[in-house]
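The data blocks that follow each hold one structure.
Below are two complexes that have subunit A in common, paired first with subunit B and then with subunit C.
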Partner chain A sequence: MSAAQMLETLLASEVTGDLLVLFHRNPGLIDTLDSVARRIGRTGNSIEEDVRGLVNLGILKTRRIGRSEVLLLDRARDREVLDAIAKHLRNLEGVEKIDNTKF
Partner chain B sequence: MTTPSSRTGVSGFDQFLTRKVGEGGRVRTGIAELDEMLHGGFMEGDAVMVAGSAGCGKTTLALQYLVNGVKLGEPGVYVTFEELPDQIYRDAKNLGWDLRKLEEENKFRIVCTSPNLLLESEGDSLLDESFRDIQPRRIVVDSLSHLAMFVKESELRREAYRLIMHLKTKGISSLLVWESPQMAGGSFSVTEVGLSFLVDCIVALKPVEIESSMRKALVILKMRGSDHDKRLREFQITSTGIKIESAFTNYEGVITGSPRRVASEKFMDLFRGAAEKRK
Partner chain C sequence: MSRSLALAMGSPVSTIPQNDFRTSWNTNRTNSALAQEKTFSSLLNDSIGDGIRGALGQAILGVLTDQGLFDKASNPKEFQVKLQSVFGNGATVIEKVIIKDLFRKLNIPYTSQGPFNYGEALEKAREACTAEARTK
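For the complex of A and B:
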């Protein structure tokens, strides 16, 4: 997946933004879908799709604890994704600067 | 991934041997007066309960124990069921402790989860990533009272025992926070569900009203295998953490919530009053 596609996923919805803020502020959070949803004032059903997007990106990972499936931040992968996006944005900025000099 | 053990070349077995050699040692809290009360610190590998009502400084004491542990070269894990980590980072920063930095340095971890998940997890699967990453020597569970909301009273003791023994087996010194109801009146009990006998040491924190002002008292109620200071000491939460002060020597009944000045002090007051009148 390209950095542009990653960025698109992260900016996809307000819920995804809320999830990113929650896990970045609380990198040690390990909880079920329903409990994570409760922590951002939503229901499990309403965040399921956004969680799937973040799991597919690798920012969140799942693990089975007893009878429950839990979500947690993959710190290493999260750093990789953020670095890739930052690089992508820097490149865009560079392109914009070149374009500005043209006009 | 490079773990601290592979970086240092210390195998798990070496650590196990080192731990065995260190048995009987003390785990310093880093709070000088408390270590003095404990005759050097908690016993290594022991399960310690810090009990007290809301707002009396249990979390501050627990965090200070972990932060000081890091300074002494002992990484620590803080398990919270209640507060979200960002709130803990903020409150700790106000006390001069940069927990995010300690996490980046792989010396500290906050794990925030639901109590039922800790109970459901078999072995250490919920905490294993943190254990693998930083190889903690200290752990705080804040709080054991939250587990009580998910299990029956009879099962709580069994589950708490399982948790304590799991941590002991790993050689990790644990500090378990217990929120007790406002301890007032003529009787005093730390937990009403009989957890006291499961732990090796109990430190009780209690707000007390003396001469129309609220003060805080700390007492070591129990410490297996070691003598300790039996006195009730006043403490304050300062801008740098817990500061333990002198003993409540002039009062009795402090722990029951009905403190009164001891008779000798009353007489002294009377004499002082009489002497002033004569002047």
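For the complex of A and C:
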């Protein structure tokens, strides 16, 4: 997956934005889907699809604890994704500068 | 010492007419408005930084800062154009993250229902900031 596609997944919706802020500000958070949803003022059903997008990207991972399935941040993968996007944005700026140069 | 006597003696005299409370009141009001604008601007910059860092991390915030994102913060339209050029459709998500952070700092309740307008939300925050300054 390209950095542009990863960025698109991260900013797919207001919910993904809220989830990113929640997990980045609380990197040790381990909680069920419903509880995570409550923390951002939503219901489990309404965030399921956005959570799946972040799980597929690898930023969030799931783990089974007893009977519950919990969500947590994969810090290593999160850093990897964000660094790749930062590099992409920096390169993009370089390309724009070249495009704007008058020869 | 009377004003004319002071002038004749070369004493330093304020250019503000004496007893003209309106002039000094207007000056104070202008200074106060400038101070409020400065406070709001600083609060907004904090929310832009905290919001983007919270959603996308320090590395991406660093790139955007190098690209002059904060130079455009005081002009919502230019700021939105800049965000659009970097994030495309995702720009609205970042705008909402910033506004939520700003509203939280100003104790304004945020509701996700209804249409979102970044400029209008900023105005609401500015008014709350002004109202808060008046009560202090």
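Assume the second predicted complex is superposed on the first by the 101 of 103 C-alpha atoms of A that agree within 3 Å, B and C clash if a C-alpha of one lies under 4 Å from a C-alpha of the other, contacts with A are read in each partner's own complex, and residues count from 1 in each chain.
We take it that a contact is a pair of C-beta atoms (placed from the backbone, for glycine too) under 8 Å apart; a residue touches a chain by one contact, two chains touch by 3 or more.
Remember, predicted model here, so these are calculated numbers, not experimental data.
Participant: Based on the superposed arrangement around subunit A, label subunit B with subunit C as either clash or fit.
Facilitator: fit
Participant: Give one of first, second, both or neither to describe whether A:83 is in contact with subunit B, with subunit C, with both, or with none.
Facilitator: The second partner, subunit C, only.
Participant: Between subunit B and subunit C, whom does A:68 touch in the aligned arrangement: first, second, both, or neither?
Facilitator: first
Participant: Is A:20 in contact with subunit B, with subunit C, with both, or with neither (first, second, both, neither)?
Facilitator: second
Participant: For A:11, select first, second, both or neither according to whether it touches subunit B, subunit C, the two together, or no partner.
Facilitator: second
Participant: Determine, under the contact definition given at the top, whether A:3 touches first (subunit B), second (subunit C), both, or neither.
Facilitator: Neither partner.
Participant: With the two complexes superposed on chain A, say which partner A:55 touches: subunit B (first), subunit C (second), both, or neither.
Facilitator: neither
Participant: Have a look and say if subunit B or subunit C is in touch with more residues of subunit A.
Facilitator: Of subunit B and subunit C, C contacts more residues of subunit A.
Participant: Could you work out the angle between subunit B and subunit C as seen from subunit A, using CA centres and rounding to the nearest 10 degrees?
Facilitator: An angle of 80 degrees, rounded.
Participant: Subunit B and subunit C, closest CA-CA distance after overlay, in Å?
Facilitator: 11
Participant: Pick out the shared contact residues on subunit A: the ones touching subunit B in one complex and subunit C in the other.
Facilitator: Residues 25 of subunit A touch both subunit B and subunit C.
Participant: Spell out the part of subunit A that touches subunit C in their complex, as residue ranges.
Facilitator: Residues 7-8, 10-14, 16-18, 20-21, 24-25, 41, 78-79, 82-83, 85-86, 89-90, 92-93.
Participant: Using the touch definition from the top, list the residues of subunit B that touch subunit A in their complex.
Facilitator: Within the complex, subunit B contacts subunit A at residues 1, 84-86, 103, 109-114, 116-117, 119-122, 125-126, 129-130.
Participant: Considering the complex alone, what residue numbers of subunit A touch subunit B?
Facilitator: 25-32, 35, 39, 63, 65-68, 70, 72, 76
Participant: For a test of understanding, state which residues of subunit C touch subunit A in their complex under the given definition.
Facilitator: It is residues 51, 53-57, 59-60, 62-64, 66-67, 86-91, 93-94, 96-97, 100, 112 of subunit C that touch subunit A.
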